[in-house]
Amino acid sequence: MTEFENDSLTVQELPAALEGILFAAGDPVSLQRLSDITGVERSVLRQTLTKMSADYENNPWGGLRIRRLDDEYVMCPKPQIKKVLERMFQPKSRPPMSQASYETLAVIAYNQPVTRAQVESVRGVSSDSIIARLLDRGWVEECGTLDAPGRPTLFTTTKQFLLEFGIDSVSELPALELMMYGTIRDLEDSLETAAGSKDTRQLSMEQIAGGLFASGISDADEHLPT
Amino acid sequence: MPIRQVPELKIRQFEGPLDLLFHLIEKNDIDIYDIPIAEITDQYMVFLQDMDTLDMEVASEFLVMAATLIHIKSRLLLPDKKLPTDGEEEDPREELVIRLLQYRRCKLLARELKERHTQFADPILRLPSSADTLGVRIDAVPQEFDPEQFRAAIQTVSSRNEVRFADLSAKITHILKRDKVSVRDKMRFVWQKLFGGGKIFFHEIFPSRGTTKIDRVVGFLAILELLRGNRISAEQEKPFDVILLHRLSDIPPESPSDKTDQAYGEVNYDGI
Amino acid sequence: MTEFENDSLTVQELPAALEGILFAAGDPVSLQRLSDITGVERSVLRQTLTKMSADYENNPWGGLRIRRLDDEYVMCPKPQIKKVLERMFQPKSRPPMSQASYETLAVIAYNQPVTRAQVESVRGVSSDSIIARLLDRGWVEECGTLDAPGRPTLFTTTKQFLLEFGIDSVSELPALELMMYGTIRDLEDSLETAAGSKDTRQLSMEQIAGGLFASGISDADEHLPT
């Protein structure tokens, strides 16, 4: 064991932290990344993960396991509970498509290929969990990553979607400015310019909306006639 | 009762009149069940009169409370003789105490919620797994795609965005254009109206049509300010009756002190 | 307990299955949906989940917990490891909420369902724009109208509110009816009932506060090691 960094974790805290990280990550996480996040040496991590993995396997009450794939680790359900999960994903046990799902699908169709963040920006609300359901239904698929920080996943609609919708191509969708990410961005930019001040120049729309309520100008806003 | 000097306070420090009252009660270490109304009212009024600018609706809420306080004060001074005294005399302060206790409780709960929020805000949840990543096979069944709902969703998103941006630009414009209405400006305005020794009704200077609520509220404060300086007189025969204003002195309001100078900004009174 | 379906799970298999389902779902899952998937009665599920939740909390090596939000359950990282997780996810920067917002939220949370006018009567100031902000944040929602002149809208708190404030259920918040007391006596009575104390006269402000928190949301805090 080497010296830990200032904000590195203690041995006692490590298992809980790794559990949380692998849980939240979803995708496999490399040993190096885990080391960067925890500030703990790779050899210590490897040892801890091996021990944790054995504990998970040996716990008959637990439904999860930690798998190693080369130098990556991923948390996933145990094979024994696959049958239950199949029931969970069967179309008949799934709740029907919600209005929110159709909205998300529409935004993806109009802007493909598109990232989660872009979908959220057009829809105005988070769509993260809805995208998973659209993937399950086969109307949306992943198509690589955007060359930007964090390399966010890009999504497109599928042939299946076109088939169901009865159109040959997404270009057949009626043109609508307010469905387009590009237009939304332009609107945001012009609003920022309108807001004018040096402080707000770099603000996103979210921040402007939020800023109205933050200390400075908030009093004004709170008494806007509605 | 001597009025202790009220420290410099800004109206924005307070969430409303109840918040301000509580501040005064705590500062003076007052038993909430036995509030010395006269003293609190005086302090409250001093605070109101020291306000430099008024924030739209806020001012009216502070003024309503001022009226309530004065009303209670008068009832304490002049007990209603028409009512038979049966020993169970109602304390005119009771309703106010209840409101203060309720508000106090609300504040304490708010503090607790805030603490909880700092601890629990932005919870990190997993993104749902897709069947594919879990290696779960899904039966191929006919999909229940509804093109009509899809079209409706497009309409919903577009019109929501329209509202979203219209709303936001309106707010930004409003903030940029917002004027501050100062008491000092209104004092000057009233003084000018009374020039030449005439009499005028309050509602003639500030008619309910053609002036905003904030104009009238600040105007009223300006009158109070001028009354305090013995610059004008005001007559009102009975409550809610018209108010007749009359200029008492031809000497313009005395030069603002350093303190008010800072608070009210630079206004030249010599030119009046 | 009623008859189970053919392919329902045994009591032994249940915890692992629930763990797997909550893991895969990501979002909160309703008791009804869990019952549909597992074929196990809701009362049994509720009992099992309560037991599992306690086990998670008591395991110092574990980084996960199961939270209840009214009749939904969700698996998420423990608050203790949030700081580590924030090194891997950039947290959304949101404007801080104002004192006024928390006050308004408090009135709604403790008196729901409640009208705008009732909120204003407690706070002594207009609360329109603050309520709009709370609606935006998804902490509050409309839930019908009051059967009174003008049919004013009624507001309640949401699941998102429970999630972001660490509360299991609104029933955890004692109904306090912040408004509409005829006499000081009535107000004190309600405080005593809330505090569960028999000691009557002369409640100090601090006692009022203490009483609330003892019987109220602080219960949840007890199993929250900080």
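Miscellaneous remarks
Just so it is clear, A, B and C label the chains in written order, and each chain counts residues from 1 on its own.
Just so it is clear, a residue touches a chain if its C-beta (ideal position, glycine included) is under 8 Å from a C-beta of that chain, and two chains touch if they have at least 3 such contacts.
These numbers were taken from a predicted model, which means no experiment stands behind them.
Chain centres here are means of the Cα atoms, and by that rule the chain farthest away from chain C is B. Think of the whole protein's Cα atoms as having one middle point; the chain whose own Cα middle lies nearest to it is C.
Averaging C-alpha coordinates per chain places the centre of chain A 25 Å away from that of chain C.
Separating the centre of chain A from that of chain B, both taken as means of CA atoms, is a distance of 43 Å.
Chain B and chain C have Cα centroids lying 32 Å from one another. Multi-chain contact residues of chain A (touching two or more other chains): 23-24, 77, 85, 129, 132, 209, 221, 223-224. The residues of chain B that reach two or more other chains are 57-58, 124-129, 134, listed in rising order.
Contacts from chain C toward chain B in the complex involve residues 23-27, 74-77, 79, 82, 85, 89, 91-92, 94, 97, 99-100, 102-103, 105-107, 109-110, 122-126, 163-167, 176, 178-179, 181, 183-184, 187, 191, 205, 208-209, 212-213, 216-218, 224, 226. By the touch rule above, chain B contacts chain A in their complex via residues 12, 55-58, 124-139, 141, 143-147, 149-150, 152-154, 156-162, 164-165, 168-169, 171-176, 178.
On chain B, the positions that touch chain C within their shared complex are 15-19, 32-33, 57-58, 61, 65, 94, 97-99, 101-114, 116-117, 119-129, 134. On the chain A side of its complex with chain C, the touching residues are 9, 12-13, 15-21, 23-25, 33, 37-38, 60-64, 75, 77-78, 80-81, 84-85, 87-88, 93, 95, 129, 132, 207, 209-211, 213-215, 218, 221-224, 226.
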